Amino acid sequence: MDPLFFLLFAFITVACGVNVVLQKHPISSALSLVAVMASLAVLYLLLGAEFLAMAQMIVYAGAIMVLFVFVIMLLNAGTEATRGRSWTATIFGIPAILILIGALAYFMQTGMPQLGSVKFGDFRGGGAYQVGYALFTEYLLPFEVTSVLILIAIVGAIVLARKELD
Amino acid sequence: MNLLDLVILIPAIGFLAALFIPRANEQFIRLFTLGVSLLTFVASLGLATGFDKNAAGQQFVTNFVWIQNPEIHYHVGIDGLSLWMVLLATFLTPIAILISWTSIEDRVKEFFALLLLLEFGLVGVFSAWDLFLFYVFWEIVLVPMYFLIGIWGHDRRIYAAVKFFLYTMAGSVLMLAAIIFLYTQAGTFDYVTVLDQLQSGRIALSHLQETLLFLAFFLAFAIKVPLFPLHTWLPDAHVEAPTAGSVMLASVMLKMGTYGLVRFCLPMFPVAARENSGWIVTLAIIGIIYGALVAMVQPNMKKLVAYSSVSHLGFVVLGVFSFTQVGLDGAVYQMLNHGISTGALFVIVGFLYGRKHSLLIADFGGVATAAPWLSIMFMITTFASIGLPTLNNFVGEFLILQGAAIRNFTWAAFASLGVILSACYMLWMYQRVFFGRAAGEPEPADDHGHGAHNDHAPVHTHAVHGGHDSHGHGMPDLSLREWACVLPLVMMMVWMGMYSQTFLPAVSAQDARILTTIEKGPQASNVNITPVSGGSAHAR
Amino acid sequence: MDPAQIAGILKQGAVPTSWYLALSAVLFVIGVAGFVLRRNIITVFMCIELMLNAVNLSFIAFAHEHKQVSGHLFAFFVMVVAAAEAAVGLAIILTVFRNRSTLNIDEIDSLKN
Amino acid sequence: MFKLWLIPLLPFLGFLINGIFGRKLPKLVINAVAIGSVVASFLWVALVVGPSTDWGEHKVQAHYFTWIQSGNFNVGWDFAVDKLTMIMLMIVTGIGSLIHIYATSYMDHEGGYYRFFAYLNLFMFFMLNLVLAANYLILFVGWEGVGLCSYLLIGFYFHKKSATNAGNKAFIVNRVGDFGFALAMFLVFINFGTLNFNGVFAAAPGKPVETLTAIALLMLVGAAGKSAQIPLYVWLPDAMEGPTPVSALIHAATMVTAGVYMCSRSSVIFLHAPAAMQVVALIGLATAVFAATIGITQYDIKKVFAYSTVSQLGYMFLGVGVGAFSAGIWHLMTHAFFKALLFLGAGSVIHACHGEQDMRQMGGLRKYAPWTCLVLACGSLAIAGFPGTSGFFSKDAILTAAYAHAPWMFWVGVVTAGMTAFYVWRAFWMTFWGDYRGHGKPHESSWVMLAPLMVLAVLSLAGGFLFNVPEMLKDMFPEHGEVPEEHMLMAISVAAGLIGIALSWYMYVVNTELSGKIANALGGVYRLVNDKYRVDEAYDAAIVEPIIHGSSAVLWKTIDQGVIDGAVNGIGARAQNVGGLLRRIQSGNIRSYATWVLAGSVVVIILMGIAGGVR
C-alpha cells in the first residue's frame, strides 16, 4: 500500500511543482503550490512525521500561502510580462539546471550509501510529544532564538510595509 | 569581568542601545553617545591608575575559549604598549562626538552610533591577544569608518571610501592568510601560545616561511600606517571624511598599523624583521621627506595635514625598526603624540570648515584678527606638530631620531630633514590661514622697498576688536563646546611634552621586553646582524 | 532500477528512502528552475518556498532513516525561518512595488552601477 | 637653596598672566606684571644667586624632575650656574629689564600691547632656560623656545605679509641650524652616553679627535643658524620686521648670541677638535667681513645695525675659533650693551621721525632729539672701538688672540673694524647731522625711553673695564699665549676705527657728494653689495623654488597622483579589461545573479561529488 501512496503523492507533488513554475499568473502558481504543500504533508505523514505534517498544513499551506495569495490580490498582479533583459539567465541558467539534474542523478545513483526503506508505522518518534520534548529540552536555546527571529521579522515587516507617515 | 572588559563592552552596549533611540530625539542621541563615551573614558582612566607601570606583560586579562573548534579565545589584556593606545581611543571618542555636535545634521543617530562602534573596535584591536579576535576587531573598525566617510563625507566621498576600503582590505586579507597559516602550525589562534611556540622553536618556520609571514603581516600594517608608497588612500580619505572621521582616522586608526608592527611583526618574526629592516627604514625615511615635501605644496588644509601624517608616521616606523630601546620607546610615544596633535589639527581645521565651508588655504586669511583664541590654540598645535620642545611631539621625535642615530647615523641625518620641512609646511599654512588679512579684503599698498617698513603703521590689529569688526563676519571665536574639544588636547600636548614620565615608564618596560624577545629569538644566532643592543654599547 | 525491482518493492510494501530523496531532488530542481527562469517576483519567491520544502523532505526522510527526531526539528526550524522570510520578503515586495510599480524582476536593477 | 627655578619661572608667570588675561587688564597692570617679573628675576640673580655663591670651582647644580627617560637615555630638567652662566644671566635679565621698560613707552600706541609683553616674557623664560641648562637637551629647549618667540615677535604685525614672511624665514633657517645641533646631540649621546655637561666634558678629552670634530662641526651648524653666521645669516636682516625693542633684545643682545654661548659652553669639545676650531674662526671672520660690506651700503637704519650685528657676531666666533673663548664672551657682553643701545636709539630715532626708517629721510636730528643723539654717539663710539669704551677692550682681546693664532686673521679683522666704524658712523652722521630731509616735525622721545638708553650708554662706555670678563672666567677657559706686540696691535685696531670714523665724517658731513660718486664709479659691484650680494635670491632660486616646484610638479602631481595612484587605478582598470566578463556579471539583474549562484553551487556539488561527498 505504501508505495502506491508514495507514487501517487509524489506524482501530485511533482506535477503541481512543475505547474508552479509554468503558470503565467501568480495566483495559479500559488494555488499549485498549496497543492504541493498538501501532498508533501501526506508524504511527511508516511515518514512518521505526524507533527510536521500538521504543521506543514497549518503553517505552510495555511498561513504562509494565504499571505502569498493576499499579497497577490493586494498588488493585483497580472500575468507575467514576457519582456526581460537577462539573457544570462536563459543562456547559462538552463544548461546549469540540466547539469544540476544530471549531477544529482549521477551522484545519487553512484554515491548514495545503502539506505533502508520506509514503511508506514516504522518510526513513531515524530509525534507532538517527542518533538515537543526535544524542542523544550535539547533545542531550547535555538527555539528561543527563533522566537526572537520571528519578533524581528514581525517588526521588520511592519516597518517595511507601512506607508511613510510624513 | 574586569575593568578592561567594561571598557570594551560599554561602547558596544552603547552602540546597540543607541540604535533603539527614536531618531527624532537627536539631542538625546548626542547626549547619550557623549555620556557613553565619557563613561568609557572614565573607566579607561581606571585602567591607567590601576596599571602597574613597572611591570611588563599583560594586565587586566580576561581569557576564555570563545569558539571551541577552531580554538579561538576571547583573550584581552593590556600591557604598557596597549594601555595608552586604549586611552587614546577612549580619550578622542568623546572629542570626536563633541565636534560633530552641530556639524552633522542628517542621520544623526547612525553617525553617533557608528562612532561608538568605532570606539568599540579600536579598544578591541588594542587589547586583543588572540590573533583571530584581533582580526575581527581590525575589520570591525573598518566598517564604521567606511560609512562615516561614505555617508557623511564631502563631494568625492564614495571614491574615497571605496579606495580606503579596498586598500585596507587588500592588506588585511594577506594578514588573515598569515594568521590562518599560523593556526595550522600552532593549532590555536591564541597569540600568547603562538608566540611562545614560535620563540621556543616548537613551530619551526623555514626562512622563506618566516619572511613571507612577516611580509604578509607587514603589508597589512604598512598600508594602515601608511608607509610610502602605500599612502595614497590617506589624503583622499581625510579630505572627504567628516571632521570626526578624520580625527579618529588620523589619531587612532593609523596607530593600528604601527601598533601591529610592534605587537606582532617584531616579536613573532624577529629574524625577518631584522633582515628586512634596511629597505623598510629606507621607505620610512623616503616617506618622512616625501610626505613633508608634498604637504608643502598642498592647497587644501586637510590634505596638508594628511601628508604631514605620512611624514610623522614615517618617523614612527623608523623608530620601530631601529631596534633600540630609545627608538622603540620614542616610536610608541610618538604614536600617542601624533594622535593628540594631529587630532587637534583636524579638530581645528574642522572648526574653520564649519565657519567658512572651505578647506582651501587660499580662502582664508586674517583669522587671527577675528578669532584670536582659535588662532592661539592652532598655533600651539602647529608648534606641537613641528616638534617644539616642551610640547609632546618633540619627545617622541627626539627619541626616535636618537634611536635611529644609535643604529645608523645616516638614517638619523636624513630623517632629521623631515623636522626642518615640517616647520616649512606648517608655518606656511599657518601664515596663509591666520595671518594677513581676510581673503577678499584689499591688501593695502605694502611698500616693500628700501626701509619703508613702518613700525608705526596704524595697525588696527588683534583681539582688541574681537570678532565684531568688519573682518569678523562668519568667523566667531571658539564657543564653549569648541573649547571643550580643544582644551583637553592642548593640555595633553603640554603635559606629554613636559612630563613624559607619566607615560614612558610603562612603554619602556614593555619595549624592553619586546627587544629582549627579539634578541633571544631562536634563530637569531644564525643570522649575522649588526649588534642592536641600543646605546649601551657606546655608553659604558 | 529495472521493473522487476520496482515490482518487488511494490509487493514488499516498503518504499526505499532513496525514492524520497530523489523526489526531494526533483522538487528542488524544479524550484531552482523557477527561481532562475521566472520573472515575476512573487513566483520567484514561491519557488524559494518550493526549494525549502524539498530540503525539508530530505530532512524528514533522513530522520526516518536514522530513527531520530532531530531531523524533524531541523525541518521545523526551516519552517519557522520560512515563515519569517515570507513575512519580511512579502513586505519588501510590497515596498518595491509601491516604489517602482512593477513586479518584473528584470526591471528592478538598481544594484547596477 | 638658590631656587634657580625661580629665575625663569617669574617671567613665565608674567607670560601666563598677560597672555591669558592681558586683553582685559589695564596697561598699568600689564606693565607691572611684565616689567616686575623680569626685574624680579634680575634682582634674584644679582642679589641672591650672585653674591652668595663662592665662585671658586663652585658650581650650583639643581635637578628638578626627570624629563625624558628611556633605556639608558636619561635627561632631567637640570639647571646649573657657574661663572659663565652668571655672566649670561646678568646680561639677559639686566638688558631684558631695561628693554622691557623702554618698550612700555615705545609700544604705547600699538595694538596687541598685552600680546607683545606676553611674548617678551615668554622669550625671557626660554632664554633663561637656555643659559641655566645643565645638559644639552634643556639647552635645546631654550634654544628652540627663543626661536619660537623670535618667530612670534618678528611676525608681531601679522597683517603685514613681509613681517610674517620674515618670521617664517627666521624659524625655518633656524631649524636648519637646529638640525645640526640635534645631530650633534645624537652623536654626543652615542659617544658619551649622556647629555649632561658635566659628564660630557669630563669624558671629552679621551675621545677620538674625529668624533669630537664631527660633534663640534655639527654644533657649529646649530650655532651658525642661531647666531646668524654664513651661510645661515639671511634671516637676521629680515627679522628687523619686528618691533624695535625686539630687534634690540632678541636680535642683537641676547638670542643671537646663544650660538657663541653654546660654543663657549662646549669649549672642551672644541678645544680637542682643532680642525673644527679653525672652521669656526674662518666662518666667523668671513661673516664679519661679508656683513660689514653689506652694512656700508644700506639705507635702512635698522638694516645697517642688523648687518652690524651679523658682523659683530662673526667677531665673537672669530674669538671662539681662535681659542679666546673668554674674549668672545666679553665681546658678547659689550656687544649686548652697545648694540642694544644702538637699536633702542634707532627706535627712538624712528619714533622721532614718525616711523621713518630710511636714513635718507632723516638728518639733522641732533637739534630735535639731543639726548638720543648723545646716547647714540656713545654707542657708536663703543662699537667703533674708541679707546676706553667697552668695545675697545673686547674687540682688542679678540684681535690679539687672532694675531696669536694667525696674523692674517688679525689684519682682516682690523679692516673689518675699520668698516664697522665707518658704517656705524655713517649712519650716525646721516641721521643727526645735515638738515632734516623727512616730513613732519621730529620730536624727542619720552623719558621712559631715554632712561634705559642712558643706562646702556654708561654701560657701553664703561662696561669694558667695569666687567673684565677674561679675568672672571680665567679658570674656566685655558689661557692663550701673550703676544709681544700687544700694544702695537692695539694701536693698529684703534687707528682703523678712527680712520673709519674720520672717513665717514668726510664722506657724509664734509663732502656729501662723494659717496654717490663712489657708488656710481663702482657701478655693478655697488649694486651687488647693496642688494646684499643677492644671496636671498640665490637661495630662492637654488633651494626654495626647486623644492616647491619639484614637490608640486614631480612628487605630488607625478609620483603621487600619477605613478602610485596610477598604478593602483591601473591595476583596477586592467582587472576591468581582463574581467569584461566579470563586469557583465554585475549587471544589476537579479536573475543573472541567481544564475551565477546556481552555476556556483553546481560546481560545488560536482566537486563534492567527485571528492566523494561529505561524510
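Every chain is named by a letter (A, B, C and D) in the order it is written, and numbering of its residues begins at 1.
Heads up, the rule we're going with is that a contact is a pair of C-beta atoms (placed from the backbone, for glycine too) under 8 Å apart; a residue touches a chain by one contact, two chains touch by 3 or more.
Since the structure is predicted, the reported quantities are computational estimates derived from the model, not experimental observations.
Between B-D and A-D, more C-beta contact pairs are found at B-D. Here the CA centre of subunit B is 34 Å from the CA centre of subunit D.
Annotation: 87 Å between the Cα-based centres of subunit A and subunit D.
Here the spacing of subunit B and subunit C, counted between their Cα centres, is 52 Å.
Shown for subunit A are the residues in touch with two or more other chains, namely 84-86, 89, 93, 96-97, 100, 104. Looking at subunit B, no residue sits in touch with two or more other chains. The set of subunit C residues touching two or more other chains comprises 32, 36-37, 39, 106. Contact between chains, as defined at the top, is found for A-C, A-D, B-D, C-D. Taken together, the subunit C residues at the contact with subunit D in this complex read 32, 35-37, 39, 105-106, 108-113.
On the side of subunit B, the complex with subunit D involves touching residues 163, 167, 229, 231-232, 290, 293-294, 296-298, 324-326, 329-330, 366, 368-369, 383, 388-390, 394-395, 398-399, 401-402, 405-406, 409, 412-413, 416-417, 419-420, 423-424, 427-428, 431, 434-437, 443, 446, 448, 450-457, 459-464, 498-501, 504-505, 508, 512, 534-536, 538-540. Contacts from subunit D toward subunit C in the complex involve residues 586-591, 593-595, 598. Against subunit B, in their complex, subunit D makes its touches with residues 23, 65-73, 109-112, 115, 137, 140-141, 144-145, 148, 151, 155, 157-162, 164-165, 167-168, 171-172, 175-176, 178-179, 182-183, 185-187, 189-194, 240-241, 243-244, 298-303, 347, 350-351, 354-359, 547-548, 550-552, 555-556, 559-561, 564-565, 568.
Those residues of subunit A that touch subunit D in the shared complex are 84-86, 88-89, 92-93, 96-97, 99-100, 103-104, 106-107, 111.
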